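Each of the next two complexes has subunit A plus one other chain: subunit B in the first, subunit C in the second.
Right, the complex of A and B next:
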C-alpha cells in the first residue's frame, strides 16, 4: 500500500517541485525582503522592520499617484469598456446574422501582445505624423470647423491627454474579452424564462431588469474582478507607449515597483510595494465576491 | 419596417466596432510595406508598390529572425512542459488516492486566487541565486510553473468526466496507471488539452516582463523584448519596426483564427464554471 501511495505521488511530483521552487519560495521571500533594506547585489542586508511599509504608505506621494492613475484606467475599463461589452453581448445573444464572425473579430485585440498594441497606438497618437491628428485635420477640412484641428496634439506626450489615451488603448485591447465572458453568461440563462415573462405581458425592458440583470450578477462579479486585476496591473501598454511619462502622468504601480527595484536598487522596498499593492487588490476582490453573493438572488 | 431599421442599426454598430478592431492591424501591415520616405506622407491603406525588402531587413539586420526562432522555441518548450506536468498532476488529482490530496490541490490552485504583483522581484532574486539570469532555462521554468494552476484545474475536471468503466476495463487488460494516463486519458482529453495549449501559447508568445527582467543577450530574447530593443536603438526606422511587429503578430493571429473555436469555448467554459 505504501508503495502504491508513493507511486501515486510521483504523478504530482514534477508539479510540486516547480511550484515549491518558483511559487512558494518567492512568495515567502517577498515577505522576508520587505522588512530589509537591500540593494539586490551585496550580501549585507539591513533589517528595518516596518520602515519600508511606513514610508510607502505615508511618505511616497508618487506611489499613491501611480495607484490613482491605475484606478482611473481601471474605472474606464469597468464602466465604458464593460458597458460596450455588455451592449455587444446583448446584441449577439438575441441572435444576429454573422454573430460568430463578429465574435471572432472582437476577440482579436485580446490575443495580441500589449507591446505590439502599444507600439501601434503609439503611432496612431503621434503628434507629427499620427493617424489621429491626420483624421482630425481632414475632418476639420471637410466640416470647416476648426475645433477638430485645434484638438491636434501629441496625445501621449501631452500631460492633459496622456492618461486617458492610455486608458483608451487598454479599453480597445480588453473589451472583446469582457464581451465573450458576458455573452457566455447571457447564453446560460434559460430561454423559457423570457418566454414565460412575455406570456405574462412583460416588455423587453422589464424582462432585462427582472430576468437578465439578476441572473447575470455572478458573471458581472467575475468580469469586475478580472477587469480590476488586469487593469490595475497594467504594464506592457505603458512601457511600449509612455514609459510612465510625461513627468509621472502615466506611472502605474508595476512601473513604480520596477523603478524601485532596477532604478534605485531598493529590492526590499520594491517587495513591500508589491505587498501593499497585493493586499489592496485582494481586499477589493473579496469585497466584490461578498457583494455579488449578497446581490445574487439564487445564492442562500 | 421598424424591425428592419433596428437590424440595420445593429449591424452598422457591430461593423463599426469590428472596423475599429481590425483597422489598426491593417494599418500596421500596410505601413510595414511602405518605405522610409513614403510612410509619413502616404496615409492610404493600400500600398501600390509594396516594399518587401523591409521584411528582409527586419529579419536579418533587425535581428527579428533570431527573436522569432527564440519565441517559437520558448513557446514550444514551455507549453510542452505545461501540458506534460499539468496533465500528470491533474490525472492524479482526478483518479488516484494519496494523503493530503485536497490540500495539495488547493495549494497548487492558490495562485489563481491570490494576486502577487511584486512576485517578479523575488523571482529575480531567486533566479540570480540559482545563476539562471540571462539563460534560457531561467526563462522557461518559471513560466511552466506559471501555467500550471489553470491547466491542472481545467484538465482535472475533464479527467473526472471520463467514465470509470473505461479505465477499469483497461486495467483488467493489464494496463498500468501510467499506461492508462498515457494511452487512454490523454487522448480522450484532447478538447481540454487544446484549450490548455492555445491559452498558454498566447500567454507565452506575448510575455514581456520576465523577458525584460532576466534576458540581456539579444541571442536569447523573444519577439516582444526584441521589438522594444529595436525601438530603443532605431527610433525612426518605422517601416522596419512595423515589419518586426507583423512578424510578431501575424503567426499568433493565424493560430487564433485556426483555433478560435477552442479559445471561445475556453473563455465561455471558464466563465460559466467560475
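Right, the complex of A and C next:
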C-alpha cells in the first residue's frame, strides 16, 4: 500500500515541482510583499503589516471606483454580450446555410490582439475623423433629423460615453468565446427531447424555456464565470483606447495595480491590491458555481 | 465413491491447475503492470528532466552574461527604436577602432523595457551599460542599491574634459547634489546621450491662411488664445493638440505655467508642503486649462489622446499648435516631410517670472557598478559622446546632441529648440520631488477641468487633500 502511495506521489512530483516553482512560490511571494512598503528596487523593505490592505479598503476611493467601473463593463458583457452570443448560437444550431463560415467570422474578434482591437475602435470613435461620427452626420443629412448630428462627439474622451464605449469594444471582442461555448452546449442537448416535446404539442418558446434553458444551465455557469473573469481583468483595450481617462472615468483594477507598481513605485501596495482583487474575483466565481449547481436540474 | 473421489480429485487438480495458471497469469500481468508503471514513472521523470534542461538552456541563453562576460564584449540595453541602426553602426566603428565588440540590445516599448530593467536589477543580471526610465526617486533607488557606477572621477579627469562637453542642464539631471533628499552620495551617475526640451510648435501655413504673420508666433497668453480662435474661425482647424492622455505631458505644461505665474521658489515651497495647492496662484494655473477648454482652443478628444496620435494630427495639418518635445522633429519628418512649422515658447501669462520649459537630458546611459567591464564601459561612453559620434547620431535621428560642440551641424528647427536649452528645468533636477500620487491627482484633475467635470478650485482642494494624506503617511 505504502509502495503504491509512494509510486503515486512519484508520478505527480514533476508536475508538482513545476507548479510549486511557477505558481505556489510567486503566490506566497505576493502575500509576503503585500505586507511591506517596497519600491521594487531597493534591497530593503519596510514591514507595514496590514496597513496596505487597510488603506486600499478604507482610504482608496479611486480603487473602488475602478472596481465599479470594471463591474459595469462586466455587467454589459454578462447581459448584452452573452445574449448576443446565445442568439447567434441558437441561429447557427438550426443548421443554417454557411453555418461553419459564421462560426469562423464570429470567432475572429476574440483571436485578435486587444491592442489591435483598441486601435481599430479608436479610429471608429475618434471625435475628429471617426467613422461613427461620419455615419451619424450622414444619417442626419439623409433623414434631416438633427438628433443624430447632435450625438457626434469624441466618444472615448467624453465622460458620459467613455466607459460605455469601452464596454462595447470589450463586448465586440468577447462575444465569440461565449458563442462557441454556448453552441457546443446547445449541440450536446439530445434532439429526441425536442422531438418528444413537439409530439406533445410544445411550441418553440416552450421547447426553449422548458428544455434548452434548464439543460444549458451548467454551460451558462461556465460562460458567466469566463465572462466575469475576462471582463473584470480588462486591460489591453483600456490601454490602447483611453489609458484610464478622461480623468479616472475608465480606470479598472488592473490599470490601478499597474499605476501603483510602475507610476507610484509602490510594489507592496500593488501586491496587496492584487490580493484584494483576487479575493473578490474568487468569491464571485464561487457564488456563481454554487448558484449554477443549485439551478441545475440534473445535479444531485 | 471412488469414482466420485476420482472425479473430485480431477476437479481439484483442474482447479489447482487453473489456480496455478491464474496465479501465473496474475504474476505475469503484475510483472507487466510493474514494468509499465516503471516505464511511465521513468517516462514522466525523463520528460521532466528534458523540460528542465530546455528551460535551463533557454534561461542561460537569454540571460545577459554579466558575471561571465565574453572577452571584449560590452552589452548595452536600451529602448530607443529609432536609434538602433545608428547605434549598431557606431558599435561597428568602435570595434574597428578599439577592437572591443559592443552589442546594443533593443527592448521596446519603453514600458516593457522599464519592467525588464527592474527585473534584471532584482535578479542582479543588469548588462554593462543600460538606461533607466523613471523619475529621480527611481534613479536614486538604483544608485543606492549599488546598480549604478559613480562617474564623477571619470568626468572630472583631464581638467573635466568629459564633463565640459555637455550642456550643464543635461548633466544636472544625471547628478545628485550635496544634501539631496534621497541620501545618495553626491556625484554624476549617468552620461547624457542627447538633450531635449518640450515647447510649442506651430503650423506656418495655417498662420498664413488665417492672415497671421508666420514669423511672429504669439508670445503672450491672450495673443495665443486669439490666434487659435482666429485660425479655427478662418480654416475650421483646431488649435492646440498634445498627447494629454499621457498625463505627464499635462504635468509638463502646468509646471511651465506654475513657474511663470508664481516663480520657482513658490513651486518648490509647495512641493515641500509649505504652500498649499489651494493657493490662488495654483488655482490660476488650473484656470488656464479651463480657459483653453471653454474657448475651444483644444482639439476634441485631447484628454485621452496619446502623443503619437497628437503628432499625427499636427503633421497632417489638423491642428495649428502642438505641445511637444524636440524629438518631434524626427517624427514630423517621417510623417510629413513637407510640413512647414516653427518653434515657440509656450506663451507667457505673467511678466514677473520667466517662461521656463521642461528639458535636459533626453536619454542617458548608466554603467553597471557590478559589471566586470566597468572601465571599458566608461571608455565606450566617453567615445560615444565625442563630437564626431554625436554629430552622426544627431544626423541619423534628428535629436539634439548632448555635446555642445556638435550643435553647428544640426537643422534649423532643431537649432530653434536648442536655443532655448538655457530656459529649461526638470523635476529630476529639483531639490525636492512631489509624491507620485499627488502628481497623478493633479494631472487627472486637469483632465477633469478640461472635460468640464470639476472647477479649478475643486481640483486644487482635492490635490491638497491627497498631499496632506501622503505627507502624513510618510511621517508614520
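The rule is simple: the second predicted complex is superposed on the first by the 279 of 300 C-alpha atoms of A that agree within 3 Å, B and C clash if a C-alpha of one lies under 4 Å from a C-alpha of the other, contacts with A are read in each partner's own complex, and residues count from 1 in each chain.
Just so it is clear, contacts are C-beta pairs under 8 Å (C-beta built on N, C-alpha and C of every residue); 3 or more make two chains touch, one makes a residue touch a chain.
It should be emphasised that the depicted structure is a prediction, and the values quoted were computed from it without experimental measurement.
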> Counting only touches as set out at the top, which of subunit B and subunit C does A:181 meet: first, second, both, neither?
Replying inline: first
>> Looking at A:137 after the superposition, I want to know if it touches subunit B, subunit C, both of them or none. Which is it: first, second, both, neither?
In response: neither
>> After the superposition on A, what does A:59 contact: first (subunit B), second (subunit C), both or neither?
In response: second
>> For A:102 in the superposed arrangement: first (subunit B), second (subunit C), both or neither?
In response: first
>> Which partner chains sit in contact with A:14 here, subunit B, subunit C, both or neither? Use first/second/both/neither.
In response: both
> Which partner, subunit B or subunit C, touches the larger number of subunit A residues?
Replying inline: B
>> With both complexes overlaid on chain A, does A:35 touch subunit B (first), subunit C (second), both or neither?
In response: neither
> Who does A:121 touch here: subunit B (first), subunit C (second), both, or neither?
Replying inline: first
> First (subunit B), second (subunit C), both or neither: which does A:193 touch?
Replying inline: neither
>> If I apply the document's touch criterion, which positions on subunit A are contacted by subunit B in one structure and by subunit C in the other?
In response: 7, 11, 14, 18, 40, 128-129
>> Looking at the complex, which residues from subunit B come into contact with subunit A?
In response: 7, 10-11, 13-14, 17-18, 20-22, 24-25, 27-28, 31, 40, 43, 84-86, 88-89, 91-93, 96-99, 104, 107-108, 111, 114-119, 121-126, 128, 141-142, 144-146, 148, 152, 177, 181, 202, 205-206, 208-209, 212, 224, 227-228, 231, 238, 241, 245, 248-249, 252-253, 256-257, 260, 263-264, 267-269, 271-272, 274
>> So in the complex, the part of subunit C that touches subunit A is made up of which residues?
In response: 37, 40-41, 44-45, 47-48, 51, 111, 114-115, 118, 121-122, 134, 137-138, 141-142, 144-145, 147, 238, 245-247, 299-306, 309, 313, 318, 436-437, 440, 444-445, 447-448, 450-451, 453-454, 469
> Along subunit A, where are the residues that touch subunit B in the complex?
Replying inline: 5, 7-9, 11-12, 14-16, 18-19, 21-23, 25-27, 29-30, 33, 40, 84, 88, 91, 96-98, 102-109, 111-116, 119-121, 123-124, 128-129, 131, 134, 172, 176-177, 180-181, 183-185, 187-188, 219, 222, 229, 233, 235-236, 239-240, 253-254, 257, 261, 267, 270-271, 273-275, 277-278, 281-282, 285
>> Under the definition above, what is the set of subunit A residues touching subunit C in their complex?
In response: 7, 10-11, 14, 17-18, 39-43, 59, 122, 126-129, 153-154, 156-159, 162, 241-243, 245-248, 259, 262-265
